[in-house]
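Shared chain: chain A. Partners: chain B in the first complex, chain C in the second.
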Partner chain A sequence: MEHTIEAFKREESLGARHSGAAAASDGKIHIERTQYPYVTGSSVLGIKYKDGILLAADMAASYGSTKRYKSFQRLKPVGKHAVIGASGEMSDFQQISTMLDELTLRDQMWDDSNTLGPHEIHSYLNRIMYQRRNKFDPLWNNIILGGVKNGKKYLGVVSMIGVHFEDDHVATGFGQHLARPELRKQWRADMTLEEGVRLLEKCLLVLYYRDRSSINKYQIAKVTEEGVTISSPFAIETNWELEAFQNPTKNAEGSW
Partner chain B sequence: MMAQGDGAALGGFDYSNCRRNQMLEKAGIKLDRYLKTGTTIVGLVYQDGVILGADTRATEGDIVADKNCEKIHYLAPNIYCCGAGTAADTEAVTDMVRTQLELHRYATGRGSRVITALTMLKSHLFNYQGHVSAALVLGGFDVSGPHLHTVYPHGSTDTLPFATMGSGSLAAMSVFEAGFREKMTKEEGMSLVSDAICAGIFNDLGSGSNVDLCVITKAGKEYLRNHMTPNQRVITKGYTFKRGHTPILSTKIVPLRDRVDVSEGEAMEE
Partner chain C sequence: MARGFKEHATWSPYENNGGTCVAIAGLDYCIVAADTRLSLGYSILTRGHSKLFKLSDTAVMASSGFQADVRTLQKNLEARQKGYYHQHGKPMSCPGMAQLLSNTLYYKRFFPYYSFNVLGGLDTEGKGCVYTYDAVGSYERTGYSTQGSGAELIMPILDNQLKSASPLLYPPRETATPLTEQEALEIVKDTFASATERQIYTGDGLEIVVINKDGIHKEYLDLKKD
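For the complex of A and B:
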């Protein structure tokens, strides 16, 4: 679930005197925690397919209603077995990426020929998100984590308040409303790579038509037993040539 | 400053009690909850005409008030209108336009046009500045062909080849955007509309129960009430064991009270 800015502002007036607030020399209360997101990414989609996991996201990071950054990579490999994609505040996503890099580095330093699997990384993420939420200073993201280890596929979500679960197909942001119904109908456990990519592209196209903060520039991440690959950016063909759109008031002269 | 009652005389709503109502709400008075139609409503233009679809759940806050209400309203023999928003508002406004259209047909001696209904609806809704909470999908077939329009509570309209409204509109729109093609056949159109309504029923909490369809062509209309019923109530006893399923090992009968045989005199009253 995404949380509205209005709901969080109401919380702020309750929590102003609690943690995170410091009285400065000018007597005003300065609040030092995340109150609303500034640079945001839109939906991320994830599905399991026959050989592993597919994640898809566009490459836009918006600053309010401006599409400020159009080559922002919102999918990131984590270790050898997993990839995460995040929507929401992109600076918090970068912070999470740093934390996960430290985690995997420490794991590597143990040098015990075992690496962190996707389930463990998801648990780590869940704890971080929930603990920040308890301090009323959340990392404003909705994160999808997918991975394959020892033949087992794993696809999970975690939100900014720590709600987490696993499923065969997941989405964040507008994807929950626009992509999930299509995924629920069309998803099958034995889809090939081509079928999985086609299903994701169908959902991405709907999101491009109907979500104002998306752009026609995507990346798809694939995780299999062999490892993680993130595709180079690509676009999807759109169709604006519906005859009915050419002259909508043809039969309604004078309609406004 | 207007005296009380002048608002009604000028038409539209009288807002003189608003400040009093705000003060009452602050003091803790809870206002009545009205019946809303959570809703998924859709419309689609295919090669021979228009297909309208709707779910059948009406909600009152978090409760389902009516499990099988009718959201596709009759406006004219060739024009139907799906309604989302406040149930009373959609009923009243479509009923009002229905009567106006009938009188108009008598006055002009011709069949009704969809844009006539459209103009009547949008003028009325604009006059009430969005307070009449009716979001409509209007479709029909008249002398100039098939038409599909959406009408928003504030009075704006769109003319579209496919449209969805209501809380389930995003789920239904994702099905439409993925599957719509121009000049579909009747079977393809009905199947896509049913799929879109089902997407709303199964993915949106405000929509549910059954699928209503209405197909309007040059020849006439086909109103398919409860075309699909994917949420039938399953009535079971709660168990499926047949008699004789459990073997009886022994039987002992203990009378709960001694039998008294009356030998002489009258029997005591029970």
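For the complex of A and C:
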């Protein structure tokens, strides 16, 4: 029942998009469960490096084509050993953050000096995403989860319908198309922190040039055995004088 | 005012993450193999994703299709296997597991697991057995099978090379291959290399598992990454 009311409210506030819950011919109220994302975050990148994990994301949350929020933190620590970054619907990400906070809090309340590792948190996240997909009411996110526990590095992704896997380097959204090839070429297991950050910045720059929903304001999260740190926002120097950007229609007159 | 239109779906609860699986039964061994590529459309999600899942010392399942459903199916069966083991004091036999998999798949007949499986192992007499499935649990015991993206490319090769009796004969005959383990392994490697050439969803790596009376032996080789 509550779910129905939530969906009803959601539909109400979106005005033009939906005509609201309407009484159909049989007198019952029909609520559509299929969702559309409204406030969205773009790519998130993640890599393993020598001492742990690095995640990177910009701080934009768009409302369709409007860059509505420019200080939205899309990276979030989870417990002591992990950090998540999400693209897609940001309100769903906030709900997931709440769920994960609850999870880690309850784990902490056992007070048995045992903490949830990144693998366990990822497993929990996978089940949540899959179960919502089963109910035809997905959390519209693509989430990267990275962490280090007992010296073991972990980097995983989960999609809005529950597809999940681990790898040495991962990316969501446009990052999958623009950043992954660069990561595949340049990534090495023994990269130092500086090298890892440089590689991520290189990918973030490509995304800034080519993804129209990205902004030049980023955060990088670092997870090592010592814990999680999320950097303060920073920008990357851009170069619009690159030869590739000069006279772009030279070889294709009439195009833009 | 009633809605006069149906809003079209913008997302699908299914996607095909690709991959090919093969299983071949011999007289006293069984080979189960699958590639390690996970795909989405024209993208590769990861090159190192295992599609094999050990259910017991005598049963290994290989599955391709929608990865989230595959993983859930694996967890489901694993839990049932453990329960059986603790209740009966012995692991489930491969034929028993085969039936369980079929029932589990049919249970979701009206919202299927988009998972294409082959189950390989040793039957209660120690002979190699292979079971092949569709997404809703239709299954049969056979001497060899393949499922997934490259199945259409690989199956004819297996029909031709394994020297098994034809499955069309009546009265039906055992279709397990009379070849040795080594000979069958070579055929598996060749068929995957061939499927990789012509199929975009197959490639990156090949995981092979051999089940015989000495236990389970795993092998991994690289496949072309393009």
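Methods note: the second predicted complex is superposed on the first by the 209 of 256 C-alpha atoms of A that agree within 3 Å, B and C clash if a C-alpha of one lies under 4 Å from a C-alpha of the other, contacts with A are read in each partner's own complex, and residues count from 1 in each chain.
The working rule: a contact is a pair of C-beta atoms (placed from the backbone, for glycine too) under 8 Å apart; a residue touches a chain by one contact, two chains touch by 3 or more.
Quick caveat: nothing in here was measured; it's all calculated off a predicted structure.
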Message = Quick check for you: in the superposed arrangement, does A:His177 touch first (chain B), second (chain C), both or neither?
response = both
Task = Kindly classify A:Leu193 by the partners it touches after superposition: chain B alone (first), chain C alone (second), both, or neither?
result = neither
Inquiry  = With both complexes overlaid on chain A, does A:Met99 touch chain B (first), chain C (second), both or neither?
reply    = neither
Message = With both complexes superposed on chain A, which partner does A:Ala244 reach: first (chain B), second (chain C), both or neither?
response = first
Task = Could you tell me if A:Met160 is touching chain B, chain C, both of them or neither one (first, second, both, neither)?
result = second
Query = Given the touch rule stated above, what does A:Ile215 touch, chain B (first), chain C (second), both, or neither?
reply = neither
Inquiry  = Taking the superposition on A as described, I'd like to know which of chain B and chain C A:Tyr130 touches: first, second, both or neither.
reply    = second
Ask   = Taking the two structures together, which residues of chain A meet both chain B and chain C?
value = 177, 180
Key: In the complex, chain A residues that touch chain C   = 19, 22-25, 30, 32, 34-36, 126, 130, 133-134, 136, 138, 157, 159-167, 176-177, 180
Inquiry  = Quick check on the complex: what are the chain C residues that touch chain A?
reply    = 1-3, 7, 9-15, 17, 38, 40, 43, 45-46, 48-49, 66-68, 71-72, 111
Ask   = Given the complex with chain A, which residues does chain B contribute to the contact?
value = 45, 114-115, 118-119, 144-145, 147, 157-161, 170-171, 173-175, 177-178, 182, 195, 199, 202-203
Query = How about chain A: which of its residues touch chain B in the complex?
reply = 174, 177-182, 184-185, 202-203, 205-206, 209-210, 242-245, 248-249, 251-252, 255-256
